[in-house]
Amino acid sequence: MGGHKLPTEHKLRARIRTLADGAATGLAVLSTVLVVAPLVAIFVYLIYKGASSLNWAFFTHNPAPVGELGGGMANAIVGSAILLAVGSLIGVPVGISGGIFLAEFGRGTKLANAVRFTADVLNGVPSIVMGIAVYSLIVVPQGHFSAFSGGVALGIMMIPTVCRTTEEMLLMVPNAVREAALALGVPNWRSVLAITVKTASPGIITGCMLAFARVAGETAPLIFTAFGNVGWSAKLSEPIAALPLQIYVYALSPYDEWHRLAWAGALVLIVLIVVAVSLVRYVTSRGVLKGAS
Amino acid sequence: MGVGIEVINLNAWYGTNYTLQDINLNIPANHATALIGPSGCGKSTFVRCLNRMHETNPIARVTGTVLIGDLDIYKDAKPVEIRRRVGMVFQRPNPFPTMSIYDNVAAGLKLNGYHNRHALDEIVEKSLKNSALWDEVKDDLKKKSGASLSGGQQQRLCIARALAVDPEVLLMDEPASALDPVSTSKIEDLIFQLKSQYTIVIVTHNMQQAARVAENTGFFLNGRMVEFNSTHKIFTNPSDKRTEDYITGRFG
Amino acid sequence: MTRIRFQQSLDDLKEQLLVMAGLAEQAIQRAIEAYRVRDLSICDLVDRSEIAINRLERDIDQAALDLLAMEQPMAIDLRFILSVIKINADLERVGDAAKSISDRVRSMEQMAVADLPVDIPKMASLAAEMVRKCLQSFIEADAEMARTVLAMDDAVDAMNRAAYKALTKVMREESHLAPQALNALMISRSLERVADHATNIAEDVVFWVQGADVRHHKSVTGGRDPHAMG
């Protein structure tokens, strides 16, 4: 490089550019911190308030009668697992099928537009309303609260998220991949399932986990369906305890002991969600080949 | 072995867009036929009519007859059946991203219910050898994904995938246009070798490529086929002035 | 129209060839004039133009090669450039023939004028006419005109054969006239060559314009290959 000197004006402009660049980077970092900070704060606070109450009993014992110390949320943990299992069994297949229909078979049709609109509306339904709806549809005819109705409520709430995410992920699969399969003489339905869905599967699974994580913490729909249970129950036809529900009840109670348990429960709930999501990620990524994007 | 293709009064539309007008053409077996013409002239649409891929677009419509060998592909067979006999290689290499090299080549067979392990191994090896890719990938067949190869290799993988179902015709829509000169040469050499076993139809923008690989060439313009002749004649002394203007680059 | 630069290059190539053609045609006409008036200064002019013709031959070949390599010409463009290369070679030979005639004129300067039974001027004018016509057909890209040149070659061949017969007779029977006869024979040979080259040029024009290869045709009158000596 020769000794080519920039005029002063250019130097000034260059300096301003560097400053602007730094300012933008700084803003970006600040924004990230602002977004992550509440998450970290919550987590830290939960640990602070709840970790001390965690012991072996918490995970193995059911709630103790009022006034007694100790006890745990074993039934709520198991109850949540059961409710989420039922919910997933309903929400995931229906949502994925809906997404496949919207993206692959019904593109542009009036039916698809109607389905999409319905899913969006369903998404906007307040969770308490969802609970009341399932109450009227299942609990009242059956005559009792049940884990089944709770699962259904959660499942229905999962459908829109799973469906829309599936649709979006499928639409992101390049058309070239579909054409390649069709050109080999593979029937359309098979191409969709074996190739397109498989290609979009990481995204679809993420959609399912998003829906899962969202309903795992839902309390309102369970109030009129699962109802909660102070004792042990694993039957679908009986009311069942659930972590969020239990936390809600305990938090509103006047007992310090129950408050302690509520904090611990909140911490456990978040940790379990994180663990569940990570587990799914790990298990599904094991199948991915080296070098694939 | 390849079969000849006879096209009789083929017309094609995309919605109201009249894309192909009265195409009549005889494509000889076990030869390479090149289709040239400016952008939008209909040559890609034409080729997609030969394996009924044109129909994957819901607003597409076709009239006329296409005979592949003795088979009227629009009257006597379903699209899925045709596409097993008429393979296609696309402009941009499109290996299945979630599959290994092995699975990519075997995809056409596996997805149609063929699962004989031993036979599949043989077919995969033969197809990769036929597409001049075997030596480069034989140690990584199941370890590497199809998408991890270079552009030229990916295209040869796609060719192997198309060959694995043992078609009689191979349609190639600008197969080398996304590749560098060395990869292009490899693909062209490949076409030369494949001619003896398959009937090849290659759409190309590159006239020198048409001249290098094809015995016959068809010139498309505005949805019509203006001239179809031996490549030699087309490029040294074409009959139609429009053909000459195109190949000498005098197009307006 | 696209490829304007290429079209310009083709036009330039044609221009260059026409310059060379002009020089070659002029050289032949001067050589014939020098023979007619026995003027050695005209011979000098012929010698000089031959140098220019040779230089042009190299330039035109180089330009043609560049176009082939860089522009990938097809169909009529390809035929044109190929024809230019071949016509180039024939024009250079025409220049050589002119020089050869000029050399003969110089050597004849020392000899006595002899009355020989050959009509060199008539042959010369026929050959010159063929050259003029084939070049005209090139300028106008007129294949029909070029084809008429092909027909004229037979007449020149016939005259050359007759000259050979007559002059060898002279050399046998009037041996004191042998040097003049020999020179006249060589001039006749050169003129026959000029006619051949004009024929070649005409064939190349037909190839360029119509894509037809009309070389080595049998003449409609004789049935003899015009390229054969005899």
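For clarity, chains are labelled A, B and C in written order, and residue numbers in each chain start from 1.
The working rule: a residue touches a chain if its C-beta (ideal position, glycine included) is under 8 Å from a C-beta of that chain, and two chains touch if they have at least 3 such contacts.
None of the values given here were measured: they were computed from a predicted structure.
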Looking at Cα centroids only, farthest away from chain C lies chain A
Which chain is the middle one, judged by CA centres?
B
Highest contact count belongs to chain pair A-B
Could you grab the centroid distance between chain A and chain B? Build each centroid from C-alpha atoms only and quote it in angstrom.
46
Separation of the C-alpha centres, chain B versus chain C, in whole Å, is 52
Per the centroid of Cα atoms for each chain, what is the distance between chain A and chain C, given in Å?
92
Using the touch definition from the top, list the residues of chain B that touch chain C in their complex.
207-208, 234-238, 244, 247-252
Chain B residues touching chain A in their complex are 51, 53, 56, 58, 80-85, 87-88, 90, 92, 94-100, 107-108, 111-112, 143-145, 147-148, 158, 161-162, 165
Parts of chain C lying in touch with chain B, wherever the complex brings them together
1-3, 6-7, 72-79, 211
Residues of chain A touching chain B in their complex?
108, 174, 176-177, 179-187, 190-191, 194-195, 198-199, 201, 288-293
